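All chains are identified by letter, namely A, B and C, in their written order; residue positions are counted from 1 within each chain.
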Amino acid sequence: MNRKFSWFNATSLTLGFAFLYLPMLILIIFSFNESKLVTVWAGFSTKWYGELVRDQAFLNAAWTTLKVAVISSSVSTVLGTMAAYVIVRAGRFTGRTLFSGMIYAPLVMPEVITGLAMLLLFITIGLDRGVTTIILAHITFTMCFVSVVVSSRLATFDKSLEEAALDLGCTPWDAFRSVTLPIIAPAVISGWLLAFTLSLDDLVISQFVAGPSATTLPMKIFSSVRLGVNPQINALSTIMIAIVTIGVISASLITKRSIARQRAEEQAAVRN
Amino acid sequence: MAQPANRPVFAPWTDPNEKPLIQFKNVTKKFGEFVAIDDMTLDIYRREFFALLGPSGCGKTTLMRMLAGFEAPSEGKILLDGVDIAPIPPNKRATNMMFQSYALFPHLSVWDNIAFGLHRSDMPKDQISARVEEMLRLVKLEKFAKRKPHQISGGQRQRVALARSLAKAPKLLLLDEPLGALDKKLRQDTQFELMDIQEKTGTTFVIVTHDQEEAMTVASRVAVMDHGKMIQVDTPDRIYETPNSVYVADFIGDVNLIEGKASAPKDGKVSIAWAEGQPEIVAETGETIAPGTTVHFAIRPEKVAISVDKPKDRANVLEGTVSDIAYLGNISTYKVEVAGGQMIKTQVANDRRIARRDITWDDKVWLSFTDTAGVVLTS
Amino acid sequence: MNPRRLFLILTPYLWLLVFFLIPFVIVLKISLSDYAISIPPYTPTFDLSAGWEGFKSFLSALDTENFTFLATDALYYTAYLSSLKIAFIATVLTLLVAYPIAYGMAQAPDEWRPTLMMLVILPFWTSFLIRVYSWIGILSNEGFLNQFLLWLGVIDTPLIILNTQAAVYVGIVYTYLPFMILPIYSALEKLDGSLIEAAEDLGCSKIQAFWLVTFPLSRPGVIAGCFLVFIPTLGEFVIPSLLGGSSTLMIGKVLYEEFFSNRDWPVASAVAVVLLLILIIPIVLFQRNEQKQREAN
């Protein structure tokens, strides 16, 4: 089907995407503003970026956030993949309903409740609040997202591939390692990326479980923007938006290219 | 399957001294309340090409998956070479399976797919590559060794799957609808290729199919299944010519079924009263039938002759009206309505190029057949 | 059960039990306790060493006083009602904004679709906090919107938008827009174009064909999208605290303040328990909608 944009569709798309992107665009433009007044343009400058990289508190928060995100998303990818495997493949076992309930509940749970509940647990068991508790909390809420991503891939996974591996002499673990894992790897990687982003982004849960000793970047941003707009935050936002944009665009280009290649090869296969 | 005249007929199932390779002993398989396999006993012999035939849900795939080790019988025993295979996991069994979806590993090349099972055995490295080469030659895919599964055609994928499952030289090869994904023309070519490979390698093949033509073409014996039970296990020609039940007669090929009441057999012949005021159908039978039993007379369309004039020397002659004609190229099918609204199909080979114009719609015609052309079925 | 399978099931299971289920049991328990000036700031505390008798006296000290308090103090039930109202109106607004975009995407030329899709997903990967923050500079008194309107001459004194409910609506529509667009788009994309042609062939005008064919067939996507916006909005904390000011009452914010500013853990826990009970209804309805979709496919 080869259609053209109608007048109505072109307008609604233009307005829609303007709404989605203008605020971020303004944010980026004013991160290069000379003035401290973020709503009045006073000439081009990169001084806020300079101030940002000299601000030790921001750098510390950024480092904590990165550390938390890498560790928690890696652990949650392992746990989430296991959980997905259990949901899709383990069949019946006692407590299965409870298990799938616990997997899906965090997806719809308000963050304030999850945060409160986690904090009360850490206090009850007497665990000192800090980076460790943030990591534990992030693993718990992100593993559910990983398991949703991986289980939707596993659900369409041809089970006979695993059976073929067993049939050809693999042990179940061997079959998982040499057949299932390489095939579901893209889903596992997107699960990791999702967990990583969610952890990077999380404010509310961290706010509850962090305690006074640890501060993540979103917590730092939140406490400074509560006092109003701040050009340093604009600079930081610009850097974060740039990283995400580059990541998403390159990911989509890579997928697009590999799909195109696969299609070309399939057509070639039909021809000969 | 036609056998060359100068070779002894391959029929180990008739030899009481021959030991079966596989024995099912009163095997039952239940999934919850559902009985997939119902108290089945069956022997399969070495070098057989054994077909499990039946509609979907009849239990044929379950039977195969029990052989591969993916399902365990609920009751009964399965013996391979006289040994109970129940405790052996699929990865330790001397059976290999060719999957309906082929289940080729998409991330591995054709070569690595074929070598996959060999790497999991204790075969030395250099022998592995020799074996893979041999397999590639067998299925004529030497040129495609480096390709990934999505880079080859459907027919080639089917052959990779076959090569992969044969590479470990299994005692028993299981084929689950191996040709189901191919188009009709390719399927027919591949059927002969399969038979060829089976004969070359001397492996015992068990094939699952719902395509009766395929089963008849490739198999040395066919097992017709329904609702978890074996209805008939026999050679293709005997299944076709002497079905043991209405179900088998109806499932394999086209058949006319005429219901009637049988008289007591005399000289191995029985008369069947099938319609008021019509001559009874006379047919040979080996069975003893109590007089008055309701029976079905089954006769294949190609064994019924059609003519404008009343034939003289046939055992059975019926009068009817042509209600439908279908021209199928090599043959024509006539649907003839006889007494009591009973429809009888007859097939005539179009051995002359000009269509037979002497019979057309609403013509009065005569149908005739000998007393050995059909079978009398009591079940 | 073989040990490998046991390990596979037990690892994530135990993790979720310890870090997800038990915390909720603790929340429930504290919601039934009383506020106390101590560490931890509630009573009774459960003492394992007291054994069975201790457990019995612990149980008898629990009561539903906090829930009675929630039901009688206007602050709380107004906050619940106001959250429900805001979530509902915001969902409708998001739908109104998202539908034309999703429709435009589904109608777009094939080669455009991956790009449009990426444009919708991109904000989703961008920090939520930053996206909310970006509106502060736009909506404030001397912000871009007011500057623009003043320049146009539409108004002569700046509008007060920031720190009102209007700003909260803008924030919710903005941040949750992709959650509404994506399910509607996927429903519309599956739509067979010949259905519209058939409707027009049978005498419908373009607009009639939309209301009689396109919209009803996109309803599963609309319903899914509405739940995906409504459910998280109900407990939203960041948007009301950055854009809503003190005049906007939302239960997520109340819970947060009850816990951190008033340090009243038992009441905060009770607020959480009631919020959870309210959420069960839309969550169950959502699950049922999803189930129906899966069965239909």
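Definition applied: a contact is a pair of C-beta atoms (placed from the backbone, for glycine too) under 8 Å apart; a residue touches a chain by one contact, two chains touch by 3 or more.
Every value quoted in this text rests on a predicted model; they were computed, and no experiment measured them.
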item: Chain contact graph, described as a line, ring, star, complete graph or other shape; value: line
item: Core chain by centroid distance, with centroids computed from Cα atoms only; value: A
item: Gap in Å, rounded to a whole number, between the CA centres of chain C and chain A; value: 18
item: Distance from chain B to chain A - Cα centre to Cα centre, in angstrom; value: 54
item: Centroid distance [mean C-alpha coordinates] between chain C and chain B, Å; value: 59
item: Chain B: positions in contact with at least two other chains; value: none
item: Interface residues, chain A side, partner chain B - complex; value: 158, 160-161, 163-171, 174, 179, 182-183, 262, 265-266, 268-270, 272
item: Interfacial residue positions of chain B with respect to chain A in the complex; value: 68-70, 89-93, 95-97, 99-101, 103, 105-107, 116-117, 120-121, 147-148, 150-153, 156, 164-165, 168
item: Touching residues on chain C, where the partner in the complex is chain A; value: 1, 4-5, 8-9, 11-13, 15-24, 26-27, 30, 40, 97, 100-101, 103-105, 107-110, 112, 114, 116, 118-123, 125-131, 133-138, 140, 142-144, 147, 174, 177, 193, 231-232, 234-238, 241-242, 252, 255-256, 259, 265, 268-269, 272, 275-276, 279, 283, 286
item: Residues of chain A touching chain C in the complex; value: 1-6, 8-10, 12-13, 16-17, 19-21, 23-24, 26-27, 30, 38-39, 79-80, 82-83, 85-86, 90, 93, 95, 98-99, 102-103, 105-106, 108-113, 116-118, 120-121, 123-124, 136-137, 139-140, 143, 147, 172-173, 197, 200-201, 203-204, 207-208, 218, 221-222, 225-226, 228-229, 233, 237, 240-241, 244-245, 247-249, 252, 256
